[in-house]
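What follows is a short report on a single structure.
Chain lettering (A, B, C, D, E and F) follows the sequence in which the chains are written, and residue indices restart at 1 in each chain.
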Amino acid sequence: MKFYLKSNNIEGMKNFRYKIGFLALLLISLFPISIFAQSSGSENLVIESLQKFWNNTGLANFEFKYLAMIVVGLVFIYLGIAHKWEPLLLVPIGFGILIGNVPFTDGFRIGIYEQGSVMNILYSGVVQGWYPPLIFLGIGAMTDFSSLISNPKLMMLGAAAQLGIFVSFIIAYAVGFSPAQSGAIGIIGGADGPTAIFISSRLAPELMGAIAVAAYSYMALVPVIQPPIMKLLTTNKERKIRMKPPRQVTKLEKIIFPIIGLLLTTFISPSAMPLLGMLFLGNLLKESGVTERLADTARNALLNSITILLGVTVGASTQADRFLTVDSLMIFGLGAFSFMIATAGGVLFAKIMNLFLKEGNKINPLIGSAGVSAVPDSARVSQDVGLSYDKSNHLLMHAMAPNVAGVIGSAVAAGILLGILS
Amino acid sequence: MKLLMINSWEELLTAAAIGIMVVFSVLFVLVLLFELFQVIVLKVAKKKVVKSGIDVDKIKDIPANEIAAISMALYLYLDSMHDEESNVLTIKRIERRYSPWNSKIYGLNNLHR
Amino acid sequence: MKFYLKSNNIEGMKNFRYKIGFLALLLISLFPISIFAQSSGSENLVIESLQKFWNNTGLANFEFKYLAMIVVGLVFIYLGIAHKWEPLLLVPIGFGILIGNVPFTDGFRIGIYEQGSVMNILYSGVVQGWYPPLIFLGIGAMTDFSSLISNPKLMMLGAAAQLGIFVSFIIAYAVGFSPAQSGAIGIIGGADGPTAIFISSRLAPELMGAIAVAAYSYMALVPVIQPPIMKLLTTNKERKIRMKPPRQVTKLEKIIFPIIGLLLTTFISPSAMPLLGMLFLGNLLKESGVTERLADTARNALLNSITILLGVTVGASTQADRFLTVDSLMIFGLGAFSFMIATAGGVLFAKIMNLFLKEGNKINPLIGSAGVSAVPDSARVSQDVGLSYDKSNHLLMHAMAPNVAGVIGSAVAAGILLGILS
Amino acid sequence: MKFYLKSNNIEGMKNFRYKIGFLALLLISLFPISIFAQSSGSENLVIESLQKFWNNTGLANFEFKYLAMIVVGLVFIYLGIAHKWEPLLLVPIGFGILIGNVPFTDGFRIGIYEQGSVMNILYSGVVQGWYPPLIFLGIGAMTDFSSLISNPKLMMLGAAAQLGIFVSFIIAYAVGFSPAQSGAIGIIGGADGPTAIFISSRLAPELMGAIAVAAYSYMALVPVIQPPIMKLLTTNKERKIRMKPPRQVTKLEKIIFPIIGLLLTTFISPSAMPLLGMLFLGNLLKESGVTERLADTARNALLNSITILLGVTVGASTQADRFLTVDSLMIFGLGAFSFMIATAGGVLFAKIMNLFLKEGNKINPLIGSAGVSAVPDSARVSQDVGLSYDKSNHLLMHAMAPNVAGVIGSAVAAGILLGILS
Amino acid sequence: MKLLMINSWEELLTAAAIGIMVVFSVLFVLVLLFELFQVIVLKVAKKKVVKSGIDVDKIKDIPANEIAAISMALYLYLDSMHDEESNVLTIKRIERRYSPWNSKIYGLNNLHR
Amino acid sequence: MKLLMINSWEELLTAAAIGIMVVFSVLFVLVLLFELFQVIVLKVAKKKVVKSGIDVDKIKDIPANEIAAISMALYLYLDSMHDEESNVLTIKRIERRYSPWNSKIYGLNNLHR
C-alpha cells in the first residue's frame, strides 16, 4: 500500500473516472423525469418548477452588496482567528454576518427581520434588550474590582473617557441624526458592546446593526486606534512615570463595593439599572464567597450562551439591504471619532489630575486611555505602550482601575442618555 | 415620558453638558466613598498589625515587585481555597469527541453510557 | 519607597489638594455652559433641565419605605454571607430587593412591573410559573431518595408536616383573605420556595412578593424556629431513641422510584404535575446511569441560571409601594405560624406512629420536624438537636427520609389546592 | 441488634400493627368532618366535594388509551436504560410520554396543549422551531468533520441515503396525506430527530408528536433495522473490502469547512439556514481554536438543557387522545419504510460508485448505510457488521464520513421540502 | 373550572379536610408500594445470598456502624462505577449529594460553602 | 409563498425529483470543492516535507494500522495542545480573572486562547 500523502494517490483528482460516472448518473436520474414529463404532457411543469426553485436560491437573488457583507464577515472571522482580536465576539458576529447575508426571498421564515423565523426569535433578546444585562451579569462575576478599590481616584479616568460619548452625540446631531439616534451613536465611544446594543435597542433600533458592528469593530481595533493618540498627547517624561503598587484589598471591601456601587449609581441614574444592577449582582455573587456556584454559572454557561446568541444575531442583523446605507457609513466614521475623543479624554484628564498631585503620587497618563473600557484590551495597550518606553514599568495593574471604571462610567452615561432621550 | 424634548441646539448641548457632569459626579462620589472607606480599613488594619507585634517600619522597604509577587501568591492561594470542595480530586473531564483516528466516537447517545 | 500600608501615604485623605482641584474643574466645566446659556438667553433652560433630571433621580423620588426595604435587602445579604443561611437564595433575593427599591419614575422601562422592562421580562418566568418546575428538575437531579426508599414508613412524617399548610389556609381565610389567597399563603408552611412561588403565581399573583420573601425567610430561619417546638413536644426519653441504620437500596429501586412516584402522585393530584413531573424527571436522569450528562446540566448550569433569575426578580418584586402593606405583615405572621404548626405536625405524628410500632422499631420524634422539607436544613436541625441530647445518636440519615418526602408532600398539597381553588 | 437484611425484621410487612393503626387514624380524622357535616346539615357537601375532587383525578379520567401510551413510555425508558439505545433521547421522551398521559381534566393549566400551562410554555420552543437549531449548534460543536474532509467523495453516500425521504414523501401522498404532511413524514427517513421536529413544526404541526416519536424510535432501532438490509444488498466480497486510512487533515481545512459548507448549502437551499447555519456555527466555534469556551457551552450546558426540554415536551405531546390515531399508525409504518429505503439507498450508491473507482480505492458498501445519519449509531452498525465478516477490518472511521454528511444531506433536503411546501 | 366554589366556611373546611386526607392517602399508598417492593427486593437478595453460600446468620451481628461503613464504601464504589466512562482520568467531580450513609448532605445551600 | 402549489401527482413527483437532485448537487459541489482544496493542501504539505528533507519514499510502506495509531496519537496530542492552558492536569480550572497582582488578565477575549 502506498503512502497516503503522495499526491498520485489522491483519487478523484488524478483520475476523473468516478466524477464522470457521477455526472452520468445525474443525467440518468433526469431520464425518468423527462420521460414522465413528456408522457404526461407536463414538460413545462418540470422546467417551470426548476425555474421557481432557482428563483428562491441565494444564487438567483445574489447582489454584490451581499458579497460585500460576506467579505466583511470573513474579515471579522479572520481577524478573530488569525489575530485573536476579541475572538469571542468577532467569530460569532462574523459568522452571523454570513448567515444574515445569504440572499433569500421573503415568506419562508428565514430572515432575521421576518416574524416567526428562528433568527427573529433568537434576536428578540437583543431587540427587547435583555441579552446585554445578562452579559453584564457574567462580566460582573468575572471582574475583580480590587485595583479600583485600592486606588479610587483612578476611577475619575473612567469618567473622563466618556467624553467621547457626549462629543460624538453632539456631532451626530450636527450631521443630521435625530437626538435619540445621536445618543445611540455616541455610546459607541463607550467602548462597551453590550451597553451599545442595549442603548440602541431602546433609542434607535433601526441603527442597531451598524452601531453594534461599529462598537465591536473598534473594540477589536483598540490596539491600532489608541497608541498614536496616546503618544501624541504625552511627553516622554510623563510616559515613564512610575506608580506605586496598589495595596491589598480586604474581602469586606470587595463585598461592599457592588452594594455601594449599585445604590450610588442607580440612585443618580435609575435608567442604568438593567446594566449596572446585573453587573454588580454578578460581582456580589463572585465576591460573597458563599455563592461561587451561581457566579460560576453566570460567568460560564450563561455568559457563553448569551454571547453566542447575541453575536450571531447581531451579525445576522446586518442584512445588506438594510445595512449598506449612508447612515451606516457615517456611524462608522462617528464611531471612530468617538473612540479617539474618548482616548484623548482619558489621557488628558490624567495630565490635569497630575497638576494637583504631589510628586510620587502622579499618574502615568498612559493609563488614562484605558478608561474607555474595552476591557481588558485597552488596559493591555497601556501596558504595551508603557513598556515600549521603559522596559520595567508595568502599568497593567494600574490601568485596570480606569478600565473597569470605564464600564461603570459608560453604563451611567447610557442611563443618562436613556433618561433624557427615550 | 422624555425628560427633555430636544428641539434645538441649546437643548442638545444642555443635555450633553448635564450628561458629562453627572458621569463625573457619580464617579466622584464613588471615589470619595471608597477613599473614606479605605482610611477606615487601613486604620483597622494598622491597629491589627500593631497588636500582632509586627514592626511596620521594618517591613517598610520591601521592594514593590516582591510585594506584588507575595500578594499574587496569596491571592491565588486564597482564590483556590474557596473552591476546594467543588473540584477535589478531579484531573480533567475529557470531552470524548469523535475523530477518525479515535474509536471512541462522540454523539448524543454515547457521551455517557 | 515607603511601605504602602502606612496611612500617611494615602493621598487624597491626608492632602486634599487633588480633591479641591477637582471641584475647581467641575466649576470650570460649568463655566462654558453658563456663558453659552447667558448668550443664548437660555439660562432658564439649563436650570430647568437640571431640575427635570433631578426629578427622575432616585434621590428626588426617595421615600422612607424604600429605605426600609433596602435595609431588609441588606439584612438578607448579611444573613446569607455572614451566617451562611441559604446563601444561594438570600444573596440574590437580597440584592434583588435593593434593585427593586431604588426609587424611579415610571415610563423609562426600569421597574419590574413596567411592561417591556428587562426586569419585567426576566420576571415573566416567575409570573408564568415555569421557573419553579425547572428548579424542581435540578433538585430532582440532586436528590438521593435512598433513605426514603429504605424506610418507606418515614414518608408519613412528610405528610403530617403538611398540616401547617391547611391550618394556616383556614386561619388566613378567617382573617379576611380570599380562599385563593388563603391557599397561596398556607403553602408557606410547605417550606418549599419554588412550590410557594408556583402556587402564588397561579392563585394570588398580587401576593407573590410577600409570600416568596416569607417562605425563603422562614426557610432560612429553620434553625431558629424549629428547635424550641421540637423540645416542647418531646420527652427526654423520646429524644434519645436510636433508630436502625437504613438498608442498602438497589439501583433498580432507585430507578423505579421516580416512575412510580410520578404516576401515583399525579394520578391522584394532576395539578401537581408541573412540579412533580419535573422533580421525578430530574431524579430519573440522575439515577438511570445513562443520562448523567443531562442530570449534570440540570443540577448545575440550568438550576443555577434559574436560581439567579428567580432570586433577583422575586427580590425586585418587593417594590416598597406594592410590598409594604398590612397584607404583607399578616402574611409574615401567618407564615411563621404555618411553619410552627408544620413542625409540630411532624413531631406529633411520629409520636402517634410510635404507639403502633413495637420496641426497637420506634421513631425518634425529632426527625418528624424534618418533614416540613426546607431541604436539607431541617434535617440538619434534627441531627443537631438529637446530638445535643445524645452525642452518639446521629439522626441525619433518618431525617432525610421525611425531609425529601416533605418536598413531595407539599407538591401534592399544592396540586390539591390548585385543583380546588384555581 | 439483628442483621437488617433478615426479612423477619422488616416491620410493616411481618406485623401490620402500624398499618392498621394508621387506617384507624384516617378514619378518626374523618370523624370530626362527619360530625361537623352533620351538625351543619352539609353532609351532602362533603360527599359532593369528594365527588368533584375524584372527578378530576387521573383515576376518574382513566381510559385504556392512556395506559397504552404509558406502556409505550415505559418501553422507551426501558430501552434507553437497559439497552442503552439513545438514552439521552429515549429517557426524557419516555418520561415525557408518562407526563403527557396522566389523564386530567381541562382548565387547570396542566396539559401541554393548554394555553399558559408550564408544559405548553416549554413546548413553545418546539412549536416555534428554535430548539432544533440550538441542538444543531451543540452537535456542530461536537462533530469532527475530519473524516469527511479527508475523503470528500464519501459525502455522496450521505446524499444517496436521503432517497428514503423522497420515496416516503411520495408514498405518504399516495396513502392520503397532504403534500405538506407528506414532506414532514418523509423527513423521518432523514434519521435526524431535530431536523424532523423542525420540519414538522413548519409543515405539519398536528403530526409532530407522531413524527418525532417515530423518528427517535427508529433512530434507536438502527442496530435492528439496518443490518438485514445491508447484508441483503452486499456480496461477501464487497463486505470485506478494505479502505485506506484517511489522511491527517490540517487545521486550516477544518476552519474553512464550516464556512464553505454554510455558504454553499444555504445559497442553494436558503430554507435550510436555521439548521445548517447553527450546525456550522457550532463547528466553527469548535475548530477556530480561539472560541473553545463558547463551543464548550454549546456542546454541554446549552445542548443538554435543550435536549431535556425538547425530549420531555415532545414526549408529553403524545397525549393519547391526540396521538392514538390511524394517522399515527401510518406514520410509524411510513417511517420504518423510509429508514429502510434510506439504508438501501446508501448501500446501493456505494456499489454504483465502486463501478467507477479503480481497484484499491473501492468503497466498502457497508459504510453506505451510515449515510442515513443517526449519528453515530449507524456508523457503529457499519463497523459491527464489517467486523462480523472480517475481524480486522475496522470501518468506523470511514463510516463517519457518510454519517456526518447525512446530517448535512438531510438538512439540505429539509430546506428544499420547506421551500417547496411551506 | 374550579372544583369547588368556596363561598362559606363549610366549604372551606371541607376543602382543607379533603386536602390533608389526600396528602396522607397519596403518601400512604407510596409507603405501601415501596414496602411491598422492599419485601420483593429483600427476598431476591436473600436468595442470592443463600445461593452464594454466605452464612447469613454468621454475619448477623455485625454492629450497625460497621454496616454503615461498609455500605458507604460499597455505595461510593458503585456510584463511581457508572460514571467510569464519562470522566476519563477523573476520579470524579464529587457531587455532594446526600446518601443515608454519608453525612455530607446535599442541598441548595451547602453545595458551596 | 409556496414555491409550488401541489395539486397533482405530476407536481408532487416533480417536487420529489427536484429535491433529490438538489441534495445530490449540493453535496457534489461540496465534494468537488474539498477535493480541490485537498490537492492544494497536499501540494503545500509535500513541498514542506521535501524541504524538511524527509524521504517520503522511505516511509511509504508503513502499514495502515500503524499510520492510524500514529495519527491518533498525534491527533490526541494536538487536540490536547490547544487546551493545554485551559485544563490538562489542572487540579482546578483556574479562572483567569484579573487581579492587580496578577498579570494574566481576564476578559471576554482571553479566557481561552
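Quick note on the criterion: contacts are C-beta pairs under 8 Å (C-beta built on N, C-alpha and C of every residue); 3 or more make two chains touch, one makes a residue touch a chain.
These numbers come from a predicted model, not from an experiment.
A comparison of the D-E and D-F interfaces places the larger number of contacting C-beta pairs at D-F. By residue number, over half of the touching pairs seen at D-E are also found at B-C, the match among D-F, B-C or A-B. Chain A and chain F have CA centres that are 26 Å apart.
A straight line joining the Cα centres of chain C and chain E is 25 Å long.
Separating the centre of chain B from that of chain D, both taken as means of CA atoms, is a distance of 44 Å.
Annotation for chain F: residues 1, 3-4, 13, 15, 18, 20, 22, 24-25, 28, 31-32, 35, 38, 42, 45, 64, 67-68, 71, 74-75, 99-101, 111-113 touch two or more other chains. Multi-chain contact residues of chain C (touching two or more other chains) are listed as 1, 4-5, 12, 22, 53, 56, 84, 87-88, 108, 152-153, 156, 244-245, 247, 268-269, 289-293, 300-301, 307, 416, 419-420, 422. Within the complex formed with chain F, the residues of chain A that make contact are 1-7, 10, 12-13, 19, 22, 26, 29-30, 33, 36-37, 40, 42, 45-46, 49-50, 52-53, 56, 84-89, 106-108, 139, 142-144, 146-147, 150, 245-246, 299, 307, 375-377, 379-380, 394, 396-398, 400. On the side of chain F, the complex with chain D involves touching residues 1-4, 6, 9, 12-13, 15-16, 18-20, 22-35, 37-38, 41-42, 45, 64-65, 67-68, 71, 74-75, 82-83, 86, 111-113. Partner chain D is touched in their complex by these residues of chain E: 1, 3-4, 10-11, 13-15, 17-18, 20-22, 24-25, 28, 31-32, 35-36, 38-39, 42-43, 45-46, 49, 56, 59-64, 67.
Here chain C touches chain A in the complex through residues 1, 4-5, 9, 11-12, 15, 17-18, 20-22, 25, 53, 56-59, 62, 70, 74, 77, 80-81, 84, 87-88, 91-92, 95-96, 98-99, 102-105, 108-110, 116-119, 121-122, 300-301, 304-305, 307-308, 312, going by the rule given at the top. Within the complex, the chain A residues that touch chain B are 148-150, 152-153, 155-156, 158-160, 162-163, 165-167, 169-170, 173, 179, 182, 244-245, 247-248, 250, 252-253, 256-257, 260-261, 264-265, 268-269, 289, 292-293, 397, 405, 408-409, 412-413, 416-417, 419-422.
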